[in-house]
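By letter and in written order, the chains are A, B, C and D; residue numbering begins at 1 in each of them.
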Amino acid sequence: MEFSTILGAWVAVFLTLGIFSYLYKDNPFYKMAEHLFVGISAGYWTAIFFWTQIQPNLFGRLFPAKVYSEDSPTPFVYNLLNFISSSVFPEGGIDKGHDQHFIYLIPLALGVMMLLSLIPSINWFARWGIAYTVGMAAGLRAYGYLNSNVIGQIKGTTVNIFDSGLPLLSISGPSIVNNIIILVGTICGLLYFYFSKEHKGLLGKASKVGIYFLMISFGASFGFAVMGRISLLIGRFNDLIKYSSGDYHHATFWMLFAVVGFLGYAAYKDKNDGDGDAIESYDSVLEEE
Amino acid sequence: MIWKRQIPILIVTVVGWITILGWYIDEPTIQGFVNDDATQWFDILASFAIILGALNLIKLQVQKILYQKPGWIYSIVAVSGFVFSIVAGFFIKGVEDSVAKWGAHVTTDGTLFKWMFDYMFSPLSATMFSLLAFFVASASYRAFRIRNFEATLLLVSGIIIMVGRVPIGSVISSWFIMYLIVLSAGIYVNIWKKDMTVTFIFVAVGISIVTISGFVMGWPIDQPGIFYLPAIQEWIYYYPNVAGARSIMIGIGLGIFATSIRYVLGIERSYIGE
Amino acid sequence: MSKIQDAFLKIGSVDRRWIFLIIALVVIVPLLIPVGLPIRPTDTTKNVYDAIESLPTGSKVLLSIEYSPSTRPENHPMTISIMRHLFTNNHKVFITCLWPDGQFMAQDAINQVAKNEFNKVYGEDYVFLGFRPGNEAVVKGIVSNLRKLYTVDVYQEKIENIPLMNGITNFKDFDFLFSSSAGFPGTIEWVQYASDPTGVPMATGVTSIQVNEVMPYVQAGQMVGVLAGMPGAAEYEALIGQKGSATSGMDAQSVAHLVIVLFIVLGNVAYFIERNRAKKY
Amino acid sequence: MKDKQFWLANLVIIIVFLVYWMAGQPYFFVDRIVMLVAMFAMGSTLIYNVRFAKQGGEFYLRPIPGLKAVEEAVGRSTEMGRPILYVPGIQDMDQVETVAGVIVLGHVAKMTARYETSLNVPVSRSIVMKAAREACRESYMLEGRPDMFNEDMVHYLTDDQFAYAAGVNGIMVREKPAACMYMGKFYAESLILAETGNSIGAIQIAGTASQAQIPFFVTACDYTLIGEEFFAASAYLSKKPELIGGVRGQDMIKVAIIVVIILSTIIMTMYENFGIGFNVIELLTVR
């Protein structure tokens, strides 16, 4: 096996156990992993967004390879950019299949304004970008949600409730009672979100039934969530089991030994010395139940 | 003032109306903008914003180091992590141009960036995610209390889904569930009547009914279906659950629609701090 | 009686780290020593299987990968099983990704299934189109004009030169869509912008947490079925008769669920005792 | 019914549209007419109620327990001399929930300015950071305490979901805020946040429209604003008539939706069983 893979396995095991060690208490391993995670992910997403958005979609539309030709005046600009950074602007323009769209100067300008807003005296520069975002989101979401969440769900609730082909009662598959449950449940649930009237009398009863349906739904969500979380833990442990093999020089065992050893030693020392120096900023938070 | 207030409000209104009405206008340029460009612009903007965010993060961490605030050692770790990922993302590719050009390097095997992704970024995020398994267990231990009828419904439907959906649920006989129901109903009767004799009679009668019908039917594991966990589980999530989920969905749809309309009409202007 | 009550109260106030330890043990022990509980497919899973089974040989199926390493344990077994099923029935597979890291996951599944197990020919039996940024705009782009969006595949090969892409211009040219999804953008966007407007049937495999969000769509018939989380993946593995990582996780999953239910019960017993005592004083 | 201006404007719009329709509706997506009608009806219901409230119309609003608790939480933090942690979700400003979260933040900032309590807002998107800063700055200005405002009270951590959760976790464990508020769009990190907040004994108030996360907030937090309640929150807190009018408008729309559901179910049943009427599903299908 390659050295980089084995090194990677050791790093991965160390970081995994570092995060898991939080379950015992906040400790230097966790803090290290946590800070490393924050730093790496900021850089990771900067790079990902740059190489999947700014470079192909913005620069790719402003300086596309399609319009590059020796005769036109553009090569000068292209060559200049290529000289500044040959990785971002390869020779002959960016070939991502886009045509040239100068309208993309607008998002470029808004983006640059966003960056300039770091300067305190012009920090309102960011407002324009925010305004674009809010306006765009409002317009797109208003239609999308009205269509799929409102009209679409009205449509889903609309069924022939007294279908003669359906059984009256059935636990699996549609039945008349099941249709009625969906209809009544949806309407009562909606009434729970009625704000401008006191929940008394008939409305009070209906909204009570509504909250029962909401609770059943939350319960189901909870059940599925437990299922999902356990699955992910299984995945994590599978990786640790993989890395404990001889191919990776038993990375898991060694790291586990080191982390547990350190934490155990620190806890032992704490007990004897009576001060919390061994584990920096010892906190009893996790014991307060 | 006009640059700080009126122009942003104008941008929201104009962009908002274009994207709303654009859905109804059958014209290629406008369709192109609504279907594609509008979100692309946002993605580009968000990409610039992320640089801004990273700078802010680094500023705070560097300040921590410079003034040696508590925990500054860890800030060094954060800053080095950032520097490492920026180097892997923009300066050192780790492979030849023939394997992956700049831009393709973020998704190609063998690059430094991919190594960082495989052995640092993904174990960290997957482990953080799997911590949830532990939290979910401790939350269900401490927080899920049968305080009232609503909480009971939540718990019961949660438990049925949890057990009914995994293989172990299908080996639990419906007769076992029936005995369980008789016993828990017995507890309830005891609290209600506060009389041991009544409780005893209730439980005894219940158990004998279940046992007799069991012998009559020959103890089939999945009959009657209404007490077989995989079947109840499926019923719950197909019917009552959908009703509840649907009413929330409609409510959310309405809330989002109304809020959006308020922005577009300029009634709500809090995004610029009003 | 009160001694038993005290014992329950003590359990009720136990340090939560003991709970963590128990969870770790009940997950790791069945992973090392599997029992092999029987797996019973639910209707929603069977519907997906039947829908794929009833496609005529050589159907064009779009497989969209929308998850990252963090939900790999749930989504990856689904992708693998679906791919195996599609290749066993000799369908043509087109792979796209809406998430940037989905590309790694897809490549992994291709290496394992298409290359090693089935020896399928790239460009004739399957095509890997890859990731395009733009979230729901990508879905809309595939629906309106796929060729505008994808001029090259993942390996920078021109789309015109790939034989399998002949006659494919937009979403309507596919016979079926399967989306393996872990969030936004994913299943819901495919329903809203692709399957609903065009009527091309679709099914999905989602993480457990998303099941509730997509259920109304399945109930309303906007999707043929759904594979729900790792158990859904295990059920599919049972249906195609090829066990994989989801099946091996099912014992651990079962035991862990039982233990959590036990926790809930114990916690509530302690709560009741506490409440009764508080009433007395 | 008294609002003549409103009805006149509506009439004009309808007439103009009818004329346009008669003229052969150039450039119009005819398939989407149902959506246009629905949007117009709902939009004008909202506007009608907003105008009604602005002109002094009054109506009842049922109390939302979670909202009362916000002020209590700020009060308690002041007594304990500990900060308030406010998390506006992990998504960007293109999600309406995030925007609603920032609006509520503005109100919370007013309270903290009044009570002189410190506020800590870690965010995971820089656009949100900018917007949240603006909102807090304005609130502190309005309360006459610009001296207490400090840019770094709103600070960016990272875009990554779990790195962000890890960071907020760290802040909670080390700074021990007396109150934690989670208002915005949440995913899996919701439970990490709520459980940690629980373990440090903070008062917790959550508001979200993310369906999958509501159960965790409901069980682990003291108060939860569920779905639409969360969107109504900004209107409740601001007490501005134009926003409160919107809440009433939404209620009217809700009643209309219920009526439509019942009607279309009846029509469908009639159609399929007796062949009377038409297939209402066709009508509701928007391509």
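A few points about this structure:
Keep in mind that, in the parts below, a residue touches a chain if its C-beta (ideal position, glycine included) is under 8 Å from a C-beta of that chain, and two chains touch if they have at least 3 such contacts.
The structure displayed is predicted, hence computed values, not measured ones.
Among the remaining chains, those touching chain B and also chain D are A, C. Centroid distances built from C-alpha atoms place D farthest away from chain C.
By C-beta contact pairs, the most connected chain pair is A-B. With centres taken as mean C-alpha coordinates, the chain found closest to the middle of all protein C-alpha atoms is B. Rounded to whole angstrom, the centroid-to-centroid distance between chain A and chain B, based on C-alpha atoms, equals 9 Å.
Taking each chain's centre as the mean of its C-alpha atoms, chain B lies 15 Å from chain C.
Once the centre of each chain is set as its mean CA position, chain A and chain D turn out to be 20 Å apart.
For chain A, residues that reach two or more other chains under the stated contact definition are 19, 23, 31, 34, 37-38, 40-42, 44-45, 48, 52-53, 56-57, 114, 117, 127, 129-130, 133-134, 136-138, 141-143, 146-148, 150, 153-157, 172, 182-183, 186-187, 190, 193, 214, 217-222, 224-227, 230, 232-233, 235-236, 281, 286, 289. Among the residues of chain C, those in touch with two or more other chains are 16, 20, 23, 27, 43, 70-72, 100, 131, 133-134, 196, 209, 211-213, 216, 219, 228-229, 231, 253, 256-257, 260. Annotation for chain D: residues touching 2 or more other chains are 35, 39, 42, 92-94, 96, 99, 126-127, 130-131, 134, 157-160, 162-163, 166, 174, 188, 191, 199, 211-212, 214-216, 218-219, 226-228, 232, 250, 254, 257.
Viewed as a contact network, the protein chains are fully connected, with every chain touching every other. Listed in rising order, the residues of chain A touching chain B in the complex are 4, 7-9, 11-13, 15-16, 19-20, 22-23, 31-58, 87-88, 90, 103-104, 106-108, 110-112, 114-115, 117-118, 124, 127-143, 145-146, 148-150, 153-154, 156-157, 171-172, 178, 181-190, 192-193, 210-220, 222-227, 229-230, 232-233, 235-236, 239, 281, 289.
Here chain A touches chain D in the complex through residues 19, 26, 31, 34, 37-38, 40-42, 44-45, 114, 117, 123, 126-127, 129-130, 133-134, 136-138, 141-143, 146-147, 150-151, 154-155, 157-164, 183, 186-187, 190-191, 193-199, 214, 217-219, 221-222, 224-225, 281, 283, 285-286, 288-289, going by the rule given at the top. Interface residues of chain B facing chain D in the complex, by the touch rule stated above, are 20, 23-27, 42, 45-46, 49-50, 52-53, 56-57, 60, 71, 124-125, 128-129, 131-132, 135-136, 138-139, 142-144, 154, 158, 245, 248-252, 254-263, 265, 267-268, 270-274. Within the complex, the chain D residues that touch chain A are 34-35, 38-39, 42, 59-62, 64, 92-96, 99, 126-127, 130-131, 134, 157-160, 162-163, 166-167, 169-170, 173-174, 176, 191, 199-201, 211-212, 214-216, 218-219, 226-229, 232, 247-248, 250-251, 254-255, 257-258, 260-262, 264-265, 268-269, 271-273, 280-281, 284-286. Partner chain C is touched in their complex by these residues of chain B: 35-36, 39-40, 43, 104, 106-107, 109, 114, 117, 122, 125-126, 128-129, 133-134, 136-138, 140-142, 144-146, 155, 159, 162-163, 165-171, 230, 234, 237-238, 241-242, 245-246, 249.
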